[in-house]
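In what follows, structures are represented as structure tokens.
Below, chain A partners chain B and then partners chain C, in two separate complexes.
Showing the complex of A and B:
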């Protein structure tokens, strides 16, 4: 039964998702049993409350190990340990089965991310609908407070944890290696591991519903998170696992981009999308481990009775806030940078002009990822922690708008005097410019400590980060889907449904979140289940708009199902007349990406034949 | 240039038209926005009034900036759109040093200006009503030698209570303040992190267990104000609100005397007044 000649039996019952799920359940039961043995010995209070965090945490942990073993992640190290030739997964395996196991093909992992994150995106979107339904009217309507807060927390946690990897996991894994002319990624097993960890984490998070939910919101501030019911263990385990997944994902992409570029592809010619992926991944590798550590420390407080965050026992509640936002603020730029990369990659294609100010755009991305590590305490302006440092954090936070401004001027100047083709991906990109402008500007109200006194913790802040994340990430994510899905699947997405989707989504999005900026200024705090009648009009308006926003997602889903499974119109070889390398191979690309070595030219090379030198205008050599 | 269909004057005309549209739109819409779109409450305290000014200044910067992008996108989408089946290529422009430098200078100046303004406001006496921790960098100015009135705000799941240390350590679930006098809030918590938000007064300060978080306000007219918890603190967070009152000084003295009488039987059971209270860790609070 060796790897080169698999029998039919081995193909069916080998290391795949089904085995993984079975071993996960076995591992979970084993872990619960182990935990029960420990609990009986020392922790009396748990038997009174009927909640056993030790047992649950061990259940999650052993279950996760079982899941990964079942998928085959232990095969390689185990073979090495016992001195046998390693049983590598066969890279030439085709068919639907390859999507349900450990795979070394970055394109399969990209599609796995697209599908897996898509499922959780819709689950999280559904929770948003349920939240807005509750807020349709004042008073407590459909959810008791604990269920409502669980919905709020699940929505925020799933979106933050999952969507950070959306662009990186899908298009970073699938497209970036193609763009740099690589035939595989640097660490294929780590790449696959990052995906399956993320999926396991998502399921673990949803199990919180079976253990009383979690009422801490996505921020999970200690000591609240240490007092709460057992559902919080699912939240903690989710973020710890997601942090690990994000680290591996970023690590693989950084190394791929550094080491596996085609020989002629110098840094100065790297496609701007790859720069976006690179800066995001590097930031992620530095930020995400802090999240994992913070979550595991809370888990230790809850299980092993440590006191990192108990003020009465010498711990500090500020410590958790610091750790969380040290990850949490780079995190929001992890959501924004890939969007900027997509934007600047796509605008030249649809404006038929070269990217304006390539070096400025790269400087902007590098600047954002650097400064993003220095701003985190602007989340703590009213917390009483290190109030003397507020001027510094005002400065660092507002400084970040300078590199962000670089991206804006590059985007706007690329459009100017172009020949704009308003295809669906272009519409989503133009929407980014508007949405992120509003998101960025409302961020100034939060970065300015005096005005943040009111904005902090209110609906204003909530609407602000939905403008940056949904307006900044999700819109470009859709742009990338409409742009690159024909490359990934070889099939065309329906244009009319795409435009309906765009306009519904754009209008409903702004109509949902703009009123919430105002309602925050009127004094409505975040995460409240009920509110006074004087805020009813704006909330009802926002709720109804949010239902339209939800409906626009169904239009997208319909488009996806129709185009991929019913119409199945083959995509042209280069539907957008792009010059970048990923369009030089077939759609979908062959197993090893390129049949012939691709010629990597200027990836933003659009426009008419070069003009004679004009004073003040940079040439291609200077500008890119 | 030779292959570009637009001549130099035509190109400048585009730029001028766009700038004209933007200037007109900003001149018309910015005041309208500031007038008609609500800002946080104004006039009830020095902090609220100050924040109103801050938000107004930010609006005056933000609206033209957003309009710049809106006008730009609208102009470009109308003027530069191509719809034909044949792909028409645009001019090959890779950048423009001058514009790039102007942009960097303008954004840097704007950012520096906003930073200077924000810093000036947060370092002003009272620090715009936000919690400053145990050792305030910017205490409120006390003109005329009247000492501030200390009021301790104690967050607990799911209510704020208030202690008046200068009135015998009285603790009451109601917040009443005299106007015209500097109030020195000492915000702390008994369990998890809460955030004391007196909306109309423009005060917000996190209530951390074991921490004394000081915030200042001077109420400037009598009236009611909302007190809400602005940090998620457990399942009844959404119900953690109350009304406070700002009253005249004689009315305040009468109210304090009445509260003292009312709570007299229990006040002596309270722990002595302290900057913070650290009860033993609570393992399962909900």
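Showing the complex of A and C:
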């Protein structure tokens, strides 16, 4: 052990995850006790649960504060309050310990996001397997209805809450500063705070199972959320915390991209992936606070007995739908836009052609970001929306297909007559084009009030949604993993296992969700534990396919473990022959990112000049 | 190769980060207040069961006006302070401290108001919006005052003499954000006290 390194005991009792967990438990107990003291006078006319929502909410809140204090997030504010000067946080020593505490290194935060979100992604995937197991046959098979609904809600909520930050948290934090030639992010503590808030939120959500679960689905509509058992509190606290985390994540990335670009990197030369991160982050900073406040208003209804969503006392359940979807529809694009950024960044690399229509693609991203705030009421077409408002929201929703079309055009024109390299990341990108096309076309039926009236609340909507989000985001997320993990870790991913993963995932994904489009079209409602026997074949087919889909994730996990811990084949310096700046430094990059200032050129300039290595393009995944 | 620790940020970069950050924070804050504002407009127009604003649910206008005036005065004083950041240390410290006291007084009065309201959160839509909107404003105001306190404490230790600490841009960013928040406070006052 290095003589200057603190002892094991000192490291364990310092500000780190272990201390955070201990203080979280202490805080939770303290909060519950406080809640028990002040709850006596409150009214329970809405919640018939017999649980003490005030106590539970305070338990979550004080527990969260304890967790953050234990991680060291109170140290800097406390030192500033007594007049110590502003400072950058001290960078951690190298070693595994830096992944378990507050860190100022954007690359470490990126890896933390990758691992943390990965864990919750697998948990949420497991709940999906359990849902499909129940639906293998008609009738109630494994889960009683309330448990089934809790599974559905936990799956949807975890996926939506966590995966929104997947690309931004992992690749936005790790790669975007490298791409713009920055040596750090603008607000490193906020960057780290956003991650730990998200992890705390995930654990809080899972505690709902100990308090009766929640039967509202991921949308948490009132009056179900008002009347539900205390498991709802975990859901509300989860989304409120996730909203805060998203706001901080987007805030840091926007400021970093605006202020910390290399001097010669003008807006017109910004890599398209960074544009994707920028537009997503800007949308996130504005949309996520609405989510946080909406959840706090429901919590106020359940604890302080306000009446926002309680019609008998002057409130309205529709108010929640408006607030939720004002966040919720931009949320869909928060999931889609980073995927589009990855797609358009990677297609030129593997087509060896410049990105076609750079400005059109940027306009598409900006257009989606802007219009996404104007469409939320299409979710209320069957909720008593005033008939006069319907045409506007039909029009605005269909209008958003125009900037989305820009991205499609740019993607297709970029690969047109390109010298395609069907590497693993490229395969995932090509899958995006097919999946998102199906998602987009089926979306038209939901944007139109007459057809939405029949499709609403059915498996058709659910399958459409999975085509856009899983087909659009998760596929490009995997493309980015295969593309950038060699940069992030310095190690090569196995190519054969990568291809097996892709083909299994692509086929099983379509085989899972296409039948659900059909059963939804036939009228099968979602969030129901059973269905008529005539839909058994399609459901059974979908369930078996979903198991294969789940298996494909295990193949990926096996590849990750094999490549990172067993084979450990060093990655080439620039395995894809990319022209963007992140490949001008070592893999993984040093603490200060670049030994020399990177050369900023056209980030999508491929195929114009002779490329010495093009015929036998060296790959980062050739271990197979 | 030994890991090289990143060099401290240049003061100009700190200034830009703070300026952009303050404006972005103002945008995020606006959207955070959309919840209570939307609830105000929506529930007021619906007036479900005629329970939007039952008789007797009236906030103390005098207290509310005092709160908003204190907030606005604090913001104006801080704006003046930030414009004179480079001129005189003592003057800057005086104005910043005055702004801090005015802001804290506004938050304290808000707490006092809750004790003398005469109605509670259960008394209809307006009462709920009142509690949430004014409470959210008070939380944001308190957070901003803590930010201001850090700058005052820093100056009391003489830290602003270090040119790399960019005290002027720090005050400018804070003053912008606080003025913006005060503007939102005035909107709240008009909605909850004047036109309710």
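Keep this in mind: the second predicted complex is superposed on the first by the 577 of 624 C-alpha atoms of A that agree within 3 Å, B and C clash if a C-alpha of one lies under 4 Å from a C-alpha of the other, contacts with A are read in each partner's own complex, and residues count from 1 in each chain.
Rule of thumb we're sticking to: a residue touches a chain if its C-beta (ideal position, glycine included) is under 8 Å from a C-beta of that chain, and two chains touch if they have at least 3 such contacts.
Only a predicted model underlies this, so the values are computations on that prediction, with no experimental measurement involved.
Of the two partner chains, chain B is the only one touched by A:441; chain C is not.
Applying the stated contact rule after C-alpha superposition, one finds that A:312 touches each of chain B and chain C. After overlaying the two complexes on the shared chain, residue contacts for A:96 are found with neither chain B nor chain C.
Looking at the shared chain after the overlay, A:322 reaches chain C, while chain B stays out of its contact range.
In the overlay built on the shared chain, the residue A:566 is in contact with neither chain B nor chain C. Chain A is touched at more residues by one of its partners, and among chain B and chain C that partner is B. In the superposition on chain A, contact of A:457 is made with chain B only, not with chain C.
When the two complexes are overlaid on their common chain A, residue A:415 makes contact with chain B while staying clear of chain C.
Judged by the touch definition given at the top, the superposed model places A:289 against chain C, while chain B stays out of reach. Applying the stated contact rule after C-alpha superposition, one finds that A:215 touches chain B and leaves chain C untouched. When both complexes are aligned on chain A by C-alpha atoms, chain A residues 307, 311-313, 318 touch chain B in the first and chain C in the second.
Of all residues in chain C, those touching chain A in their complex are 1, 3-6, 8-9, 13-14, 16-17, 20-21, 24-25, 27-29, 31-36, 38-39, 42-43, 46-49, 51-52, 54, 120-122, 124-129, 131-132, 136, 146, 149-150, 153-157, 159, 162, 165, 170.
Residues 1-4, 6, 11, 14, 37-41, 47, 50-51, 54-55, 58, 61-62, 65-66, 69-70, 72-73, 76-77, 80-83, 87-100, 103-104, 107-108, 111, 114-115, 117-119, 121-123, 127-134, 136-137, 187, 191-193, 195, 197, 199, 202-206, 208-215, 226, 228-239, 278-286 of chain B touch chain A in their complex. In the complex of the two chains, the chain A residues touching chain B come out as 45, 49, 51, 145-146, 148-149, 215-217, 219, 221, 223-224, 226-229, 307, 310-313, 317-318, 351-360, 380-388, 390-391, 394-395, 398-399, 401-402, 405-406, 408-409, 412-413, 415-422, 430, 433-434, 437-438, 441-442, 444-445, 447-454, 456-458, 518, 521-523, 525-530, 577, 606-612, 614, 616-620, 622-624. Considering their complex, residues 43, 77, 80-86, 88, 91, 94, 183-184, 186-187, 247, 251, 254-255, 258-260, 285-290, 292-294, 296-297, 300-301, 304-308, 311-316, 318-319, 322-323, 326, 590-592 of chain A touch chain C.
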